[in-house]
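Listed after this line are the structures, all set down as structure tokens.
One chain, subunit A, appears in both complexes that follow, with subunit B as partner in the first and subunit C in the second.
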Partner chain A sequence: MRALEPWVEAPLQTFLAESSARLTLLMTSSGQVVAQHGFSRSLDVMTAAALGAGIGASTEELARLMGSSRFEALVHHGARQSCLLAGFGTPRGRWIGLVVFGPETSVGIVQLFFDQMVQQLASAARRDEPAAVRLPENFEHELDASLKALFGR
Partner chain B sequence: MTAAQAVLDRVTRVPGVRGALIASAEDGLVVAEQLMDGVDGRAAAALAGSLVGRLARTADGAGRRAPAFVQLRAERGSILVAPCPKDLVLIAVVAADANVGLARLEMLDAASRLH
Partner chain C sequence: MSLVNFTAREITCKIVYYGPGRSGKTTNLQYVYGRVPESRRGRMVSLATQTDRTLFFDFLPLELGSISGFATKFQLYTVPGQSYYNATRKLVLQGADGVVFVADSQARRFDDNLESLQNLQDNLLAQGVDIRQLPVVFQYNKQDLPRDLILTHEEMDDALNFRAVHSFAGDALHGTGVFETLRGISELVLKRLAAGAVAG
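Presenting the complex of A and B:
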């Protein structure tokens, strides 16, 4: 498990231990990766983050068209593994969690401990310093730095 | 009244039962519930579903049949779980002074009626 900011580590670690998730990706709603667990290649993380953010934006727009508030979670059930994509509010803005899990756990367990992690992240973020302002001109440099931090190279 | 509601109604009539719910065993999601305030049905469904699944796998590994009834006793009460047909589980959250024997009988009978 690797996180860009230290205060994310404890809640994410607890979630991973309790949920038995195989892969987890926490990102901002624009697709900027905050933490990852289980991915071995930076390309996979970038692709998953881009797709996750895209699905999040699409479902949010669908919800708006249907006149409802935003969807909380989207679950894809697969034969060998399933996927949970859930948006949530944090003091640092709206984030998205992408969780891949297998038959060794259940969607109920994953959702239960995901919600617990969201609460823990909210309280951990409040104790921490406010996030630095991210400028578009720094995006490429920050992306490169983030991937180095997330993969340790 | 649906079959699920009738089952929950029967179980929650037992003295000391604080709530009952039917959940999907594989997913750990609530199908129907009748709970008193303060009982988190979503957590009970997720954890009980997971517990029953793990116990079934353990029993299978030991060459035994899956459990027909599970009682998880804690300091302030118990969680009772009865596996049902169609991959469902009937769960009851009971207080420490509840009539567990009666709850067990009602649950096993009710579970067999859930088709």
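Presenting the complex of A and C:
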């Protein structure tokens, strides 16, 4: 499991243990990865987040067109595994959860513990104020050399 | 907005390729995908129609490498250019750290370029973002076409580049200007991140 900020870890760990989810991805509404479990390649995580955020955003727009406030969750049932996609509010903005699970659990169990995780994340975020972003002071100085090396020009 | 993970020492930035339909946004990503080593890129996802026009977005994740010990990753997106896909353009534009505006250099596409640029400004404003505050570069694509069909780099600058930001002549199909454009926007985005993030 990997999380962008430590306060996300405990609620996510509890969810994983209780729900038996195979893959879990938490992302911002613009598709940036906040935390993940089960993916083996970081580039695949980014792709899944981009697609999940796209589905979430288009579903919200669809709900708006239809006069609904918002769809709470989407479930795709597959032969071997299924997928739950749900948006939720946090003190750090709107996030989206993507959960892949198999027949060893059920959509009801996953949804139940997902909702519990959302509540735990909300209270954990309130306790843990966002830290100021501080990059090394030599970051900008090293940027030119790094870009030359990376792009070869 | 950019995400900085201090635990894993990672920076992730979102770059959106914008511009009118058929200007070459997807072609830019396809060229990058074809030239970057597999270890540095993920799968390129294209949500397209049956005729290969972008329907929702194209997406290509890239690992640029390490800068000051931070693994730097870029998420490259394109938007669908056709005017009737504005709802999806707005969605893809959310949280963009930088924009590459890919203009079509053909003289007959002049109005399409202007309309798309205006649409970009409108969609950013709707999200509370002033285009003057966002890293943007221009790429004038299709500069390989016969001279009598296109506007020159200078003429394109006069028509579109009111803020005199970085602009690049392009022939995305054959790769001219593709990596120069990507380097240009990468530099702007990362310098902006450093300026806003480094401790004073």
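Structural remarks
Methods note: the second predicted complex is superposed on the first by the 129 of 153 C-alpha atoms of A that agree within 3 Å, B and C clash if a C-alpha of one lies under 4 Å from a C-alpha of the other, contacts with A are read in each partner's own complex, and residues count from 1 in each chain.
Please note the rule applied: a contact is a pair of C-beta atoms (placed from the backbone, for glycine too) under 8 Å apart; a residue touches a chain by one contact, two chains touch by 3 or more.
Nothing here was measured: the structure is a model prediction, and the numbers come from that model.
When the two complexes are overlaid on their common chain A, residue A:63 makes contact with neither subunit B nor subunit C. Looking at the shared chain after the overlay, A:10 reaches neither subunit B nor subunit C. Contact with neither subunit B nor subunit C is seen for A:1 once the two complexes are overlaid on the shared chain.
In the superposition on chain A, contact of A:43 is made with subunit C only, not with subunit B. Within the superposed three-chain model, A:73 lies out of touch with both subunit B and subunit C [touch as defined at top].
Shared-chain residue A:122: touches no atom of subunit B or subunit C. Measured by the number of subunit A residues touched, the leading partner among subunit B and subunit C is C. By the touch criterion defined above, A:28 lies against subunit C but remains apart from subunit B after alignment on the C-alpha atoms of chain A. No residue of subunit A is contacted both by subunit B in one complex and by subunit C in the other. Those residues of subunit A that touch subunit C in the shared complex are 2-6, 28-34, 41-44, 46-47, 50-51, 54, 57-58, 61, 131-140, 142-144, 146-147, 149-151, 153.
If you check the complex, the residues on subunit B that touch subunit A are 23-24, 26-29, 42-43, 45-47, 49-50, 53. Across the complex, subunit C meets subunit A through its residues 1, 3-8, 12, 14, 41-43, 45, 47, 56-57, 59, 61, 63-70, 72-73, 75, 77, 87-88, 91-92, 94-96, 179-180, 182-183, 186-187, 190-191, 193-199. The touching residues of subunit A, when paired with subunit B in their complex, are 105-109, 111-112.
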